[in-house]
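Both of the next two complexes hold chain A, though its partner changes from chain B to chain C.
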Partner chain A sequence: MGDTKQYPEIRKRLTPGWWTHNRRYANYMVREWTSLFVALYSLLIIYGLSLWFNGSETDFLNFLKNPAIIGFSIVALFFTMYHAVTWFYLLGAVAPVKIGRSHTKPWQALILNLVLLVIISYVAIWIAILR
Partner chain B sequence: MSQDIATIRVTRYRPEKDSKPFVQEYKVPYRRDMVVLDALNYIKSQIDGSLTYRWSCRMGVCGSCGASVDGKPKLTCESFLHEFKGRTITVEPMPNFPVIKDLVVDMEDFMEKLVKIKPWIIREKESPVEEGEYKQSAKELERYSQFSSCINCMLCYAACPIYGLNEKFLGPAATALAYRYIDDSRDQGKDVRFPIVHEMEGAWECTLVGECSVVCPKGVDPMLAIQRTKILGATNAVKSLLMPRGGR
Partner chain C sequence: MKTETHKVARLHALLWGIFSLGGMIAAFLLPVLIYLTAIAYPYSLWPFNGTKNPGFLITGHTLGALFLFVTVAGSLFHGIFRFQSVLTEVGLQKYRRGLEAVGYFIIFAGIIILGYYLATWYLNGTIT
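For the complex of A and B:
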């Protein structure tokens, strides 16, 4: 077909700011960006745990008390929550469970997963610190 | 009965005359039951016969009248003019596709992808006609039926930024249709289709923007089909790893 085209076709390419034109595109991009904070926070925790397992508990605690790390942790917490909420919602959208004649709605998966997140987090904190 | 006037700004491209697209404004009188496609037909018959666009059924079935209406991929036959009352309506060709003329886009890439996924029932061995049809329960039908409602309007491709950034991406409709056959109990072509939907630019290219499912005029959820394709592929890969001789 390519050789038989008489006139040139034009194609409008996506510009770098394509995601600003639609609220859902913007939400998607924010969700993608927040994964960067999730990854960075994971690296920090891995570094902290490596200090802990090498016997430097004090270094680990001092590392956690560093104002920059506290600041970053607060920012990362908000972004991680946004990431978790959007992914839990998507989980419900892409893997609905059939109950009787109807399928579960995405918001039901979101609530269930958030409740599980709170319970698992509490159990982890209990095992690590409160026990 | 009084008529309102709609102001419609159509993005036009006449390759034989213009080097780039331009916007042309038209005033169209309309009644409450008129849609954007009616306005385009009015322009073509009453104002400017050179305006070029595709259409056929006028009832949301043929999937040929897709365009970007007010910045969103829509069927022009399902976009009522009164919904834009008091505002200028922009009508542009569907984004992410090469434009041939005015609102007519090049469908070649999509057509190639459609054929590539082999949208028909594949049997290892065809049964003789005397043995009757391949039977299927209502439950088995329900698994894939929504994905068979696709009308190939390509609005999902127009809404997909992943396709906009990488046209090699198999895309929403083709993957949804592949899944429609993969999940059909009568089909035995999984081994043929799996390599197609799981290649580099297949289902795994999708990063869950989800706009494809929002714009679909037939209520098909391509995002769901793509994720189910991923789940099936991942499950199969694990099975083949654990049971190399019978994991499929």
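For the complex of A and C:
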């Protein structure tokens, strides 16, 4: 109760490849590494906007049409979707909703969130481009 | 000492809270932004099969610029925060402080630069 003495934290030393020994850990690590593409794409857009800011809108549009940028962006879209889908599944696993006597399953959260993703994407396009 | 610990804990909670919010933004808004800029525009697909282009995100409506800012800033925070954290889990734990410093620098520099561009365009009438 009154013991305020600080004890050293003992941590098991992990090797850099600790996550390769177990499939769940490997899946976790793959998911976490996809965040790199989320970050890089964001930086890419900021760089593209800097071309517009310091030059013209055409510079930004030409940048978007560069084959290397298109290629990288499509790869980034693939990993971003992987990141999103695993996130949706995790939400269902971490915070299941109780309905009656049963709890929702992770795959139900995944489907619900994918439907939401389509709706939100359409609304974003409508607000930003179509109206 | 205790107050200091509480302050650090609060800061950690805040940063992880923003990280989670950024995760939701990256999951729900980033795919559509990538589709618009990397697929729809270069290949003239909907909604850019007419006269509009991604520049319309800035020039078309304030909400378009807001969508761009929220999506890019949230995704940048989420992506860098998670990536610098994951590097410490693959053998770079002893460089944690340095990685955090570089990570936060990239996050805040990126968000400030993006905000500066959009604010300037808003003030000079480019964003209508």
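One rule holds in what follows: the second predicted complex is superposed on the first by the 105 of 131 C-alpha atoms of A that agree within 3 Å, B and C clash if a C-alpha of one lies under 4 Å from a C-alpha of the other, contacts with A are read in each partner's own complex, and residues count from 1 in each chain.
Heads up, the rule we're going with is that a contact is a pair of C-beta atoms (placed from the backbone, for glycine too) under 8 Å apart; a residue touches a chain by one contact, two chains touch by 3 or more.
Just so we're clear, the structure is a prediction, and the values are computed from it rather than from any experiment.
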| item | value |
| --- | --- |
| Contacts of A:I10 with chain B and chain C, given as first, second, both or neither | first |
| Partner chain(s) touched by A:T20 [first = chain B, second = chain C, both, neither] | neither |
| Touched partner set for A:E32, first chain B, second chain C, both or neither | both |
| Which superposed partner A:Y41 touches (first chain B, second chain C, both, neither) | second |
| Touch count on chain A, higher of chain B and chain C | C |
| Partner chain(s) touched by A:V94 [first = chain B, second = chain C, both, neither] | first |
| Footprint overlap on chain A, comparing chain B with chain C | 14, 19, 32 |
| Residues of chain A defined as touching chain C within the complex | 14-17, 19, 29, 32-33, 35-43, 45-46, 49-50, 52-53, 57, 60-61, 64-65, 69-70, 73-74, 76-77, 80-81, 83-84, 87-88, 113, 116-117, 120-121, 124-125, 127-131 |
| Residue numbers on chain B that touch chain A, as the complex places them | 13, 15-16, 20-21, 71, 95-101, 106, 108, 161, 164-165, 207-211, 214, 223-224, 227-228, 231 |
| Chain A partner contacts - residues on chain C that touch it in the complex | 23, 26-39, 41-42, 47-48, 52-61, 63-64, 67-68, 72-73, 75-76, 78-80, 82-83, 85-86, 89-91, 106, 110, 113-114, 117, 120-121 |
| Residues of chain A that touch chain B when the two form their complex | 1, 6-14, 18-19, 21-22, 24-25, 28, 32, 90, 93-96 |
